[in-house]
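We just call them A, B, C and D in the order they show up, numbering each chain from 1.
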Amino acid sequence: MSIIDWFAKKEKSTGSSERLNIPGDVWVKCTSCSEILFQKDLESNQKVCPKCGFHFRISPEERIRYTFDTNTFIEKDTTLGPTDFLRFFDTESYADRIRKAQSKSGKNDAVVSGTASINGLPVNTAIMNFAFMGGSMGSVVGEKITRIIERSVEDFKPVVVFTSSGGARMQEGIMSLMQMAKTSAALERLTEQRVPYISVLCDPTTGGTSASFAILGDINIAEPGALISFAGPRVIEQTIRQKLPKGFQRSEFLLAHGMVDMVTDRRELKTTLSTILTTLSIPREPI
Amino acid sequence: MSIIDWFAKKEKSTGSSERLNIPGDVWVKCTSCSEILFQKDLESNQKVCPKCGFHFRISPEERIRYTFDTNTFIEKDTTLGPTDFLRFFDTESYADRIRKAQSKSGKNDAVVSGTASINGLPVNTAIMNFAFMGGSMGSVVGEKITRIIERSVEDFKPVVVFTSSGGARMQEGIMSLMQMAKTSAALERLTEQRVPYISVLCDPTTGGTSASFAILGDINIAEPGALISFAGPRVIEQTIRQKLPKGFQRSEFLLAHGMVDMVTDRRELKTTLSTILTTLSIPREPI
Amino acid sequence: MKLLPFEKPLAELYDKIAQLRKLSIEGNIDLSSEIEKIESRAEQVRKEIYTNLTPNQIVQVARHPHRPDTASLIRLIFDTFVELHGDRLFGDDPAIVGGIATLGKFRVVVMGHQKGHDTKENIHRNFGMPNPEGYRKALRLMEMADRFRMPIITFIDTPGAYPGIEAEERGQAEAIARNLREMAGFTVPIISFVIGEGGSGGALGIGVANRLYMLQNAVYSVISPEGCASILFRDSKKSDIAADAMKITATEIMKLGIADGIIQEPLGGGHHDWKMVAQRIQETVQAELLNFKSLSGNEIKAQRYAKFRAMGRFLEPLE
Amino acid sequence: MKLLPFEKPLAELYDKIAQLRKLSIEGNIDLSSEIEKIESRAEQVRKEIYTNLTPNQIVQVARHPHRPDTASLIRLIFDTFVELHGDRLFGDDPAIVGGIATLGKFRVVVMGHQKGHDTKENIHRNFGMPNPEGYRKALRLMEMADRFRMPIITFIDTPGAYPGIEAEERGQAEAIARNLREMAGFTVPIISFVIGEGGSGGALGIGVANRLYMLQNAVYSVISPEGCASILFRDSKKSDIAADAMKITATEIMKLGIADGIIQEPLGGGHHDWKMVAQRIQETVQAELLNFKSLSGNEIKAQRYAKFRAMGRFLEPLE
């Protein structure tokens, strides 16, 4: 699965701006155009390179700030956390990996979920966090995504999910695979209830995440330049033994191949989301 | 539309065995392998060339004999006939064309419909007749197809349709186009009622017929070597200005491209149909 | 603005006006009364020409390169519009545009064939001839509309579905047929407008509507006049006769009970005033959406079925 | 029959038996008691080997080239079978076979991943790795099953969905994801059997079942042991450790509550007796279809939802 690429690239430069910080947190180099940017300028531009438009990966906190009305985000299911139920040990134990990721991020797992509003429109929402173990989907991610969907089945609020994930979390074995089915099944109920679901696919969205809730939006919006794939580029290269074309599996490629509705600049996302949600939502009261 | 090809080829050799008869109706030359065949042998082989397997076009009467249990076919809507409501005149009037086709065929129009049984299983059925104005679909074809479907919506008998048609009947103008919508709409009701519909696509099935009820079978069966297309080969050649690959738009091509479920030899068709109908039909009483 | 062949009498008058204007400026002479005279004569001629258009001339107006296109009309008609892309199966077809839109309190899904106004645009849009993925995108959007209870508005403007090798491979027939069947099943109203060329199954593929309107100079036919001429008349130059014989104009389509109304165009054709065309379509959309508001989903579906069920002219003597 | 690496002790015994037989015939000597002795020893060894298979060894049995394949099992299990082809969108994928079948009074739709038993077959079947059109064919058949109230039987046997350029272009992720969602909505029972390799999302794409059975030597995993080893253990040769760590055997999958039952295979693996495997699956199918007969469509759907809803292990301390 494409999480291979995440592991392979772990040490290399990525879209994550933290890795590129020059000491002092004042300057940052653009991954794409190599321009040296003033950190504050970048942040005030929603972490989009003012020169080339490159979209840096952002944290859930930043996403919340850029997308939702001020102070409207209320986190849910905050205590939900992972457990090493297989007692999985590779080069280190899953239990240790969890502890490290948690202490580094201050978060329990790779998704933050809750309620919020976008230009006054209430939504149930989840934001994946690539910085937490490559945004991999284990039981916690699956459960939290499923819960926000199930809440929307009840309260009719549209669902907005921001994905960023290398795929399934191998340390949870088959249980991580089953999260694909669990989240997709919840979406079946949502569809039946005629509640809109907007998926915002951010860099990267691959493997089991792409092949479940990420791609199943009534409307799929991709951030520019995001890697969106089922099989990772490396796996494909190994299979077909040739180099992949430039732009393969990037947002614009998916748009051309009919898989996403639009590629939207982060700075226009809030407006676009609010127009879409206003248009799609069936006017009604929650049950 | 692909009826162009029918007109263009009208004078040339076709799959229709009548055109190939040597006086005396005793010998016939195979269109495909040029073998000289004894007419009776060919007929006892369901008009499939014993040497090369070429499927000659057959009349509705032959189709009925080969497919349905003896004496079970009861024709319906026998008096339904066409009218020259546009007073359409090209090189001759539509009214004259109708008269000629009727007197030549002894039929009112390009489809025969009714009830029958296949190994004891009752069906509503329609058989198109390419010999009647190229099997073109005008108001009569549309109405008769719609009626058998609507009967099945009521009595739950599966629908089996044998198509052979060059497309819409231009002499009925826009009304012929609307038959595509009318028949397809009836199939929507049938689908909703969970009644099986088997489409048997015979040579040729093109234009508006292919792009409506012909291709909408729950199961699509093609006779070997049949031309099945939306746009006719000539139109495409004119558009792209190059020769088409061999086998293009033939049954086997459609199978490879996922459009038909199987290519079935005419001599096995009755058995296949009866197995399929037994398997698909929901056991229940008509309302 | 490109003048059509039958507008030739106008061309001479327009030339004359231009000459007089030039003369008036260069020679500093007041020719305004002469100019006015010719202008009013031109208006007169235009009226004469356009009140007696032959079907074949109407075809030319329907195909005018500056005729208002779907995307432009959508933007003129609706308050908000978000274009959506892709069939989620294979690709995104630029020959059909569609998305979600609002008009006052109404939320709709809107789509249509998209032609270009110049060669470059036309190549990009494949001259408004969709591939199967265009019809499948349309179906995806219509299914969304049905799910979210949004009326569907479609604009028809195509010479026909694209007759190409790959289109056949990917099931052009299947894509159109499936749309015909599925459109019959939706419980939201479908309002269609033939804005230019309504070419055959490729037009009908997004046209199984509760209500069908035609712009005054739009045409709707089972095959292009040229195609009909070359097949039935054995002479592709007889397309004028074919256009007449097939009864393809708005008036004829309405007489046959296929269209429910005609939307008047500005004198000289819709290409002279897109806004006026858009405004008249907008009024019709609003009126129709109001009409259908009082019907249940099942009633809407039944009305559509009854409409198509009644289409056909045949004899059925008692036995 | 190809012997697997860990069956080496058997190879020697089998060789010896063959030699003795040859000798006995050539020399016209009665060596039957010696042969019997070694045969019984071989049986003993086989039993020992097979009662203590490591997960990695089970993977090898699951991938045995002569393991019973979907198409063969279908023909052995059902009374009638009509294979259906195509997704009605793009193509027909030989890596998934499916169709309609009967078993006594039961009418079902049955499908599964299809591997080959030799190189030629495997190339034709793409080693059981479907492209998007395979999943879309499967979905089309399942939708038909749901419409005609036919239970769905699926056989899982794939290394995974095909990781190729065109598969990505045509939406491998979309095809699998859509199946996951749609399978959750069907009101007919879905009974799945992992008959060999259950490889990741490509397996799950036809595996959202009410009841999941595993053959004794089948495996089911989120990633292949080799893949897991090269990523997590940074050494692709450590696939034996990875196979163990990931808990992929029938026993483990059952313990985790993902599988509902295990179907015993003949000693030495299913490839030694396809008919026995088929018969045991048949019995399970019949028993399950009888079970579900008493449930309504909504109950069937709710049972499936509840099953998947409960999947996951996490901590949730009170705040």
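Methods note: a contact is a pair of C-beta atoms (placed from the backbone, for glycine too) under 8 Å apart; a residue touches a chain by one contact, two chains touch by 3 or more.
Predicted, not measured: the structure shown is a model, and the values here were computed from it.
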{"item": "Shared chain contacts [chain A and chain D, defined touch]", "value": "C"}
{"item": "Centroid spacing, where centroids are CA-atom means, of chain B and chain D in whole angstrom", "value": "42"}
{"item": "Where chain A and chain B are represented by their mean Cα positions, the distance between them in whole Å", "value": "52"}
{"item": "Touching two or more other chains - residue numbers and ranges from chain C", "value": "88-90, 170-171, 174, 178"}
{"item": "In chain A, residues with contacts to at least two other chains", "value": "191, 257-259"}
{"item": "Pairs of chains, among all present, that meet the touch criterion", "value": "A-C, A-D, B-C, B-D, C-D"}
{"item": "Chain A - residues contacting chain D, complex", "value": "1, 3-4, 7, 77-83, 85-86, 88-91, 139-140, 142-143, 146, 168, 170-182, 184-189, 191-192, 207-208, 210-216, 228-232, 235-236, 239-240, 244-245, 248-249, 257-259"}
{"item": "Residue ranges of chain D touching chain A (in the complex, touch as defined)", "value": "161-165, 167-174, 176-178, 180-182, 184-185, 200-201, 204-205, 207-208, 220-223, 227-228, 230-234, 242, 245-248, 253, 256, 258, 304-305, 308-309, 311-319"}
{"item": "Of chain D, residues touching chain C in the complex", "value": "88-90, 132, 136, 170-171, 174, 178"}
{"item": "List of chain D residues in touch with chain B within their complex", "value": "80, 82-92, 100-102, 107, 133, 137, 144, 147-150"}
{"item": "Chain A residues touching chain C - in the complex, by the definition given at the top", "value": "191, 194, 196, 218-219, 255-262, 272, 275-276, 278-282"}
